[in-house]
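Structure incoming, see below.
Note that the chains take the letters A, B and C in the order they are written out, and that residue 1 is the start of every chain.
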Amino acid sequence: MGMAEAILLTIATAATPLLIAALGELVVERSGVLNLGVEGMMIMGAVGGFAAASLTGNPWIGVLVAILFGAVTSLAFAFLTLSLAANQVATGLALTILGLGLSGLIGEPFVGQAGVKLSNISIPILTDLPLLGPLLFGQDPIFYMSIALVIGVAWFLFKTRFGLTLRSIGDNHVSAHALGIPVLRYRYLAVMFGGACAGLAGGHLSLVYTPQWVENMSAGRGWIALALVVFASWRPARVLAGAYLFGAVSIGQLHAQALGVGVPSQLLTALPYIATIVVLVLISQNVRTTLINTPAMLGRAFVPER
Amino acid sequence: MDQGEVLLKLEGISKYYGSFKANDQISLEILPGEIHALLGENGAGKSTLVKMLYGSLQPDEGRIIWEGHEAHVPNPAAARELGVGMVFQHFSLFDALTVAENIALALPPGKSLKQVAKELEEVSTSYGLPLKATARIHDLSVGERQRVEIVRCLLQHPKLIIMDEPTSVLTPQEAEDLFKVLRRLSEEGKAILYISHKLAEVQALCQEATILRHGKVVGECVPADETPISLAKMMVGSDIHEISPRDVPVANGEVLLQVKSLSLEGLSGFDTALKDVSLMLHAGEISGIAGIAGNGQNELFDAVSGERLSENDSVLIKGKPVGQLGIQKRRKLGAMYISEERLGHAAVPEFSLSENVILTRHGLEKSLDKGPFVSRGAARKVKDEIVDKFDVRKGSADPTAMSLSGGNLQKFVLGREVMGNAEIIVVNQPTWGVDAGSAAHIRQTLVDLAAKGAAILVISQDLDELFEVADAIATLSEGRLSAFVPTRSTDRHKIGLQMTSGTHEHA
Amino acid sequence: MTYLSPLIGLTLALIAGAIMFAVLGKPPLGALYAYFIEPVSEMWSVHELLIKAAPLILMGAGLCVCYQSNNWNIGAEGQMIMGGMAGSILPVLFPHFSGPFVLPLMLVMGVLGGMAYAAIPALLKTKFRTNEILTSLMLVYIAQLFLDWTVRGPWRNPEGMNFPETRRFDEFARIGEMIPADGRANYGFVIAIVVALLIWVLMAKTMKGFQVKVIGASPRAAKFAGFDAKKMVFFAFLLAGATAGLAGIVEVAGATGQLRPTISPGYGFTAIIVAFLGRLNPIGAIIAGLVLALTFLGGEAAQISLGVSDKVARVFQGLILFFVLACDTLILYRIRLVGSKVLQKGAA
């Protein structure tokens, strides 16, 4: 395949974990909860997926375990912030630190091992089409899941009763409670969905992106996913755009390094992080749009009276 | 009347919080089509009772008998299914969602959003409360939001509608329109449980009344047969303290605070812009500004206090332009401010009373500041003085602000501001959420201060209060201030008209 | 309750840790002993503890001020790195300047470096309303990469045989050891204690400290009091940046004596836990700093004596923060679980 195909494919591979994690966090934030533990859940998913795939030889089991690890980690977050009404920022940090530590511990025996890769799909004829073939019909299964998630989350949030209720909780949990909506139950489900997504994103890293386990291999992607949600003004279609933009930046800097561009490699590696700051500044400029789109309850604990 | 006719019967309903009896053996009956008032002071237990009818709370004792059968209401959805609807005092609406979405959330799932939209537009128009299904709540006025609450209730075909202080956010004219709707609903056979502390209204509208005090039923009556005084007596349990009127018509005192052509844009989409507001506060006079919440009261207060800066000449204290001076500098010039919200604005809820003293008195009381250090001992002394002088009842020696009752905290906040030499006092909603005894105390304090020569501005939604204490009244409507007229030469009806003039409604 | 909650949190973390050791196949109690008790049973080891505690206490105390005023500075690690670099300019680039004035200058420059770097998220927050959590965190990655490039590139030791490190500092550029006979602990620890105490005085006794608390507790009441929240953003971030920068140069000039591609095993993040374990009180941060330094020390000790990975340290730290947060709700919400009627604070 040609250079263009290769680059586009790698952009998709780089964007996919960002997209999935951001979509999950989008649902969580729409319900009014701020989950800063995404990085921790992602890395747990990565280690869980790798370990399970290596031990069983089956990458699909790896995918399942990755999702499971992410969801269980998020359950701890949910219990603290929802049932105990603990500070969401600090709890998210706690889970990130815990996740990074635990994953390092669990992953230690697997360092240096070659992983079990989740292979790309292959459809006769379609996959062999020039340019579009591999791009649309030859990606790894998680890529297709990510696209399905975009559509699914959008439909769910805006076309179903469940999604409407979720959005109402993020807008005003006091009103929701007064109407008899079970606020915490919805938030638990939202948080676990977010955790599952973060886990799946991590699984993509260790099963597709680089089928290897390296400590801290998420390298801040969970944080970038959080920024993406803000950048997208909490709308699924924009998350798609943002994820691919960042994917392009990440891949761009890798290729630039490979080509030996005269810029220090550290600067190129720093590009995604610099870009995140720039994007955040740009998006916060329009005060009115930010105010209207931000779920009004974001980060606030729900403690019903009496 | 025989048992079969009664729509709702409560027998011995009680609710306890530890040893505190929020509701104590409450019994009452409501017939279909009856407009039944539930009267009582703040804290009498009205909200608790009603929450149990709506399924948000569960009674510890007693029975609810609905249409002749015992009923259990485990949650609001069950209440709605029974036929109980509720229009909340503090609207349970979702700002970022549309009218249709807001209403759909209270209906059982199954109907599409389009169906809901169609139904709500039909019903709202037929009752004279037109609404557009696609409008977003944050674009609606307060009166329109209440319409959404009511229409949401009506779409569930309730047999009993509970209305919690519905006219607290309406002008007198809007309240009349609401009464027309309620009377029509009553004629259609729907019963209405009307919670209010506004006695004149209850007399005009309600056929029966149950009066609560300290969680118990202390009386039942036909409101039309009573007078406001007799109703008030039943509510409060003692004679209402009348404000001792000031006998001498005040001469034109010196202008201590002046607002000149103040125009200020709203900070966010939800604020009201102030348009060319002018007023003068004279020494020895109490000026009142009437108006429904949301017409610029808070914006005006913030501009006068200095929380929001404006053009230097637009606010003058004793002739000196202060528009660009911050709030603490204005306090140093002798102007004191009492904001609408006690907790979270006038006082920090988790802080002790003495710490809250420091909040506004730093830089003013010499004993508090020692260079960069702050003396908590001195703060405690000041706190003791305030508590003593203003009859603040509290539990421990230096409790947190949030542990005080509304009335006592308000007395503390007022006392804190007027302890020093307060020449100018600007107060926003002085007795909102305050029990009658404390309210009378607060109003008397204001009157006494004016008699000693202070210039006072009272912004209030309570017309009765303004007519009681103010020497002159103006109205604030959509950010515009009318001219002041002497209280003696106007009445509630005229002021009510002034409050509505200029309001335009969204479709 | 206020002092009980961190203790209960610590205990629960220890229990969870014991379970973790058991899962790893080590005897739980023995492992806890090897991890927490053995490292402080010998003097030289206590010195190591003080070396590790110094940056933790410094940054923890600064972060107390930040968090109490609701400024969520997550970038202490980056501010520490930049402070360490700024403070190293003299010995690295001007090694011929030598003398007793060098160290004080280095400390000042370290402080300024940390402050300057912390000013960035503060500026973005006040001017552009940008979320400071994400910006301060992104700046950590950028700082780490900057250090890496600098040490491998322009600042590399010309006489160092191409190792990725700067030249070694001479004795005027080092912080002296306190009791050299017993161990390596340097006066950096004393600096940390003094700074923490000063910050405590600030918070408890001064008007500024009162302002910090009001702004953090109730922004509207703060406005009503005439306190400027935007100025406070700068004050909090610059103070935290100053302590982080100081921590950075203390670490470099004290323990290491040169710059390397990484100068911190994540002290900036651990300092966040120090602040919370100390209940956002600078004196609490002193104790908490020692506790968390012990988790680092224990990790190294356990690696040798038990054969466990040193990643265990991170796990303990995460567990401590996790359980301390859980126990904090005991104070605020009096035990009962939300969801089944919680007793909320009083009404007015």
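By our rule, a contact is a pair of C-beta atoms (placed from the backbone, for glycine too) under 8 Å apart; a residue touches a chain by one contact, two chains touch by 3 or more.
These figures come from a predicted structure and were not determined experimentally.
Asks: More C-beta pairs touching across which pair, B-C or A-C?
Replies: Of the two interfaces, B-C and A-C, more C-beta pairs touch across A-C.
Asks: Looking at CA centres, what chain is most distant from chain C?
Replies: B
Asks: Calculate how many whole Å lie between the centre of chain A and the centre of chain B, each centre taken as the average of the chain's C-alpha atoms.
Replies: Those two chain centres are 45 Å apart.
Asks: What is the distance, in whole Å, between the centres of chain B and chain C, each centre taken as the mean of its C-alpha atoms?
Replies: That gives a centre separation of 48 Å.
Asks: Counting in whole Å, what is the centre-to-centre distance of chain A and chain C, each centre being its mean C-alpha position?
Replies: 28
Asks: If you look at chain A, which of its residues touch at least two other chains?
Replies: Within chain A, residues 287, 306 contact more than one other chain.
Asks: Quick check: what residues of chain B touch more than one other chain, meaning two or more?
Replies: Chain B, residues with two or more chain partners: not present.
Asks: Report the residues of chain B in contact with chain A in the complex, numbered from low to high.
Replies: 17, 55-57, 75-77, 79-80, 88, 91-97, 101, 104-106, 109, 138, 268-269
Asks: Once bound in the complex, which stretches of chain C touch chain A?
Replies: Touching chain A from chain C are residues 20, 24, 72, 74, 124, 128-131, 133-135, 137-139, 141-142, 145-146, 148-149, 153, 269, 272-273, 276, 309, 311-319, 321-322, 325-326, 328-329, 332-333, 337-339, 341-344.
Asks: Help me check something: in the complex, which residues belonging to chain C touch chain B?
Replies: 205-208, 210, 213-214, 217-218, 220-221, 223-226, 345-348
Asks: Please name which positions on chain B make contact with chain C in the complex.
Replies: Spelled out, the residues of chain B in touch with chain C are 305-307, 326-329, 331, 337, 339, 341-351, 355, 358-360, 362, 369, 372-374, 400-406, 409.
Asks: For chain A, which residues are in contact with chain B within the complex?
Replies: Per the touch definition, chain A meets chain B at residues 161, 164-165, 167-168, 171-172, 174-176, 178-181, 287-288, 291-293, 295-296, 306.
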